[in-house]
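Every chain is named by a letter (A, B, C and D) in the order it is written, and numbering of its residues begins at 1.
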Amino acid sequence: MALLEIESVSVVFGGLAALTEVSLTAEAGTVSAVIGPNGAGKTTLFNAVSGYERPQEGVVRLDGRPVTGLPPHAISRLGLRRTFQNGGLFGEMTVLENVMVGADRATRSGIPGVLFGLKRHRREERRAVADSRAMLARVGIDRLAQARVRDLSFGQQRLVEITRALISRPRVLLLDEPAVGLSQAERDVLATTLRQLAAEGIAVLLVEHVIDLVMAISDRVLVLNFGRVLAEGTPDEVRANQAVLEAYLGSA
Amino acid sequence: MSDPRRLLWPALLILAALPPFFVNDYVQYILNSILVYAVVAIGFNIVLGYAGQLAFANAAFFGVGAYTTAICMGRWHWPFLPALLSAALVTALVGLVVSLPALRLRAYYLAIVTLAFGELLRWGYIHADWLTLGSSGLPVPAASMFGISLASDRARYWLFLCLTALVLWGSANLLRSRFGRAVVAVRENESAAAAMGIAPALTKIGAFAWSGCVVGIAGAMFALLLGRINPESFDLSQLLLHFSLVMIGGLGSLVGSVAGAVVLTAAPELLRNVAGLEEIVFSLLLIGVLLFMPKGLAGLLSRVAVLREHLYLG
Amino acid sequence: MLAQLVVSGIGQGSIYALVALGMTILFRVTTVVNFAHGELFMFSAFVIYLLLNAFDVPYLLAALAAILVLFVLGSVVERVLMRPIRHAPHMALAMMTVALSYLLRGVVRMGWGGDVRSLPPMFTFDPVMLGTVVLAAQDIVTIGATLLLVAGFFVLLQRSRFGKLAQAATDSPRGAALIGLNVPGFHRTMWGVAAAMAAIAGILVAPVTLLYPDMGAQVLVRAFAAMTLGGFGNLGGAVAGGLLMGVLEQLAGFYVSTAMIDIASYIVIIVVLLSRPAGLFGRVERVRV
Amino acid sequence: MRMRWLALGAILAICLSGGAQAADPGLTKNSIKIGVFGPLTGPAAAFGKAQLGIRAVYDDLNEHGGINGRKIEVVLEDTACDPAKGIAASKKLIAQDQVFLLHGGSCSNVVMALKPDVIASGVPYVVATAANASITDPVAPNVFQTVATTATMGRTMVDFAMTKPDAKRIAVISHSDEWGKSGHDPALVELKTKFDLTPVADVTFERGSINATPQVLQIKNANPDFVLAFLYPAEYAIFLREASKYGLNVPSMGSQAISIQDTAQQVGNPAIMKNVYVFYPLAAQIGDAKIARWVDIFTKYNPGVRLESNGLLGMGGAEAVIEALRQAGPDLTRAKFLAALDNLHNFDTGILAAPLEFSPTHHAGMNGGATITYVGDKLVLIHKFTDAQK
């Protein structure tokens, strides 16, 4: 069975059907994309999967284990990380500290050890700093390490958020419009990084408007419209699908 | 070679241990008070600065710590150390209880509930005569630790210095670890913190418990400092002082908290004898900080390079 | 006995309602909870005392002057203290009002020292007897003034254009500014109005109570209880909450023990906020991700 | 060579330590330094007028040539009725200003907090107007009280109430703070032990509250013959107004902090004052020739400060200090001063209602006090309820 299974999930907001019976499976090591016009329910799907919305129907399974209804932090601890469309960072903290919050997932130091500054925990702290700097370098923004996140540009903030998600060694990574606000060069870095992550066995799930990025790196694409699945398949199948052309790209 | 900055703190500690040899009892008492309020400010800053929770319960924590110590030593004749530990523990539990509403209530509601809680506790001190001797005050018998008598201000100073250093060091370690980052992350963006696997509720509870524990220790020190505890000491004016310590010292800064304690404990000694002057000077300082220097003294201190390294601005 | 307690409770509660009303109006428009409202109430009583003793003017004139002085003070406070930090987090705004309460108390203590002062009773006609129930002149005036003000504010905020603007300025300050409403100016007026409300409460209460710098704190906590009980930001709720608090205190004091009077408001605040944060009439704010 | 240094060091040490024994600190050829402290600021600042009265007596003494050739140098410190500030004030006076003796304290909680260190320091300490009986019980060699203790006041008030013909039903209303409690508790003990009675109503009334309806109605329900009130001036006036509003026209007695002229002004209705009695520690009411000297001294050295009984209350203690200094003679030491105080017997201070009586085992100097009330519009000092009815 797949790493992430979403089975006919439906979400209703006070009578408005935001999502209706949406299903999707994401295998480890693949990049899946969810596209659709604004208001199609893409972010709602992410919120339902990561525990911020409780679906009225349907099941979300991680490694075969149902997680629907669990609080966000519980789902996150099972290895599912996500970024937010806007404002997913800790404004007052520096870039390095933001990323270290991601690195902290790996450390096991307990309160007493930290409190008395035992050697093992000081070493762990130093390693977390080193790992964070390395990941920042990998994404190419290590020079921003000491800057306060609040002072960064929108594009830079997106890269920091992705770095933080990466360093926490996720098994499933949900990225909500990562490419928005990035320069073409930064988008290329993003594309290669995502492919590398998939190669390392992570299941990457992407909500994105930048179609050529989606088509270039996705193994499977899910098209949503008004909360329903319009089409699902490889980028080529979706590109050729008549219904998608009509609803999304305007009649050819 | 360990870098020189590691020697900064031990050197400061030795330097701080010297004054008792030079000062008279009055100045010694003021120094002891400064250490008590430094620990109060550190404890309160954890909830107000780092966790960003507008909680008005700090004077209540201070009272619980003082009364627990006074009761353990006065009525049950415990030596000082077990009384201190029980004060820290009991106040940490009270902190935990106070954190429960914090999970559901936003800014103003939390402030008002904790304000009511503090006043309810003080009413309890007054009316629980059988335990606290009510408003006639509860004496704290002479204390000793490991055989050393704590009767003299000088002995108390060294004890308070160790406690302050311990609290400062422990808090710095905690705040510069994944726990500290989790607390600040929850303050900055609760849903993003959850996405990183941080449990917001547990983190807030932890922050309140640690703050309670620290302020409980300060309460125990206060009981030793005065030698007698009575309910009026933990009223709204005490809370106003705690707020001034943290806001003027610097929100979210340990060194700022200590700086706030030094300034605001020494200042009243200079403003003696004039009705209302202390209140006016404190409020103008507070207004000045809020308008022009939001980071407080910490903001000022952080311009000094060597301090910025050790100034955990969180 | 019960009737007497209820009547006296309503008289007392209407003072809490007046203070809570002033705080609620300010909260609704500027989302700021004014921790210095008790001190504004105290300060207005001292202003009247000063005018009566220094200039020997009739009480009514002194009262009107006090309302004006407090209105100006409220506006100055908004302009000088609150506006520069209006974008700061809630904590800074709350702390500024705490600092203001500290400042007012210090100024009054320095000016008038610690002596307890008193004002001659405003109305000297005898109490009205309703059967065995004694209704003092002061209570009648306080209750009357409260009802008058509540009605006035309801009409002002619910019906008039001014009220619509107030609502707009609260819901989306940016939106209101777009349609040409001078939002900061509006806030300044509301601070003035709230301070004037505190003065009205001060005028009504000063003759009943006695004046000293620390008389504000007691009333502040009762006003909080009233606002919490009635639902934060709900005008009718604040007044109903105030009256309920007044009666509750009297009944608890008589039937349970007089020591209960002091903590009735603390218990109400804790119980209501933990069980039903929206209070009796408020609406539950839903925090969206 | 080394021996010489050792000897020099030893001599130096002796001189330094020796010097300290010769003369007590705070004493020079022509001046005696006295540390006066009390609540000059804060909510209890009204009680701080006692300190102004004390300083006025010493200033007046200096103008009349001082004592045994020495003038009195007063160092005034504020405690704001807060224990932490009180301890700081007393330590400053002892360690920094090095005063010869301490004379101050009007809030019992503050005095109880600073007492242990003062006893340890051995500095003579004459308490100003703090009245809690436990200040001089157990007795400390260097601590003396010069006003009626709360125990004495409680007893006197109960005894006075019982002088009302066939008074059986006594009600009590008090604050729950230290001040109220220290008056309330001894009164109940006296009622029980001497008259085997318990109060028919015992209600609390919090400082700063502006409505006393539940309290008045509860007391009225118990239809008492007499009400004992351990309340601050403001709250006592509110209680009296509410009592008359609800028809509780029963004699009531206020405690030592109440100045009856202020209460009359705050109540604003002479009819109510007919039933009001106040424990009065002074020898006569303000305006009576008997204590005119002290009234003039107070107003002369405290221009612009409104005089009330609190201002005069501490002056008796100042007279006792002056008397003890005089008896201790020109080559004054702390030991001699304490000995002089210890055998001050039946000392009439002129200002206090009762003489001061000290002994090595009894340092609560004043036991007893008068009662003051309005007869018509004239203030009268009486000792029995029936005196006022003539």
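Assorted remarks:
Heads up, the rule we're going with is that contacts are C-beta pairs under 8 Å (C-beta built on N, C-alpha and C of every residue); 3 or more make two chains touch, one makes a residue touch a chain.
Given the structure is predicted, the values throughout are model-derived calculations rather than measurements.
A count of C-beta contacts for the chain pairs B-D and B-C puts B-C on top. Note: the chain lying farthest from subunit B is A, by mean C-alpha position. Subunit B and subunit D, compared by their mean Cα positions, are separated by 36 Å. Subunit B and subunit C, compared by their mean Cα positions, are separated by 33 Å. Work out the mean CA point of subunit A and of subunit C, and you get 50 Å between them. Centroids built from CA atoms put subunit D at 75 Å from subunit A.
Contacts with at least two other chains are made by residues 109, 113-114, 213, 217, 259, 262, 289 of subunit C.
Shown for subunit A are the residues that touch two or more other chains, namely 52. Listed for subunit B are residues 127, 191, 274-278, each touching two or more other chains.
The residues of subunit B lying in touch with subunit A in their complex are 169-170, 173-174, 176-179, 181-182, 184-185, 187-189, 191-200, 252, 314. Partner subunit B is touched in their complex by these residues of subunit D: 40-41, 45, 76-78, 82-85, 87-89, 91-92, 94-96, 109, 112-113, 116-117, 132, 134, 176-178, 180-182.
Of all residues in subunit D, those touching subunit C in their complex are 39, 41-46, 48, 176, 203-206, 208-211, 213-215, 217-218, 221, 232-234, 237-238, 245-247, 262, 265-266, 268, 306. Interface residues of subunit A, counted against subunit B in their complex, comprise 50-52, 71-73, 76-77, 81-84, 87-93, 97, 100-102, 104-105, 107, 109, 111, 114-117, 121, 125, 128, 164, 168. Of all residues in subunit C, those touching subunit D in their complex are 1, 4-5, 8-9, 11-12, 15, 109, 113-116, 118, 120-121, 127, 134, 136, 205, 208-210, 212-215, 217-218, 249-250, 253-254, 257-259, 261-262.
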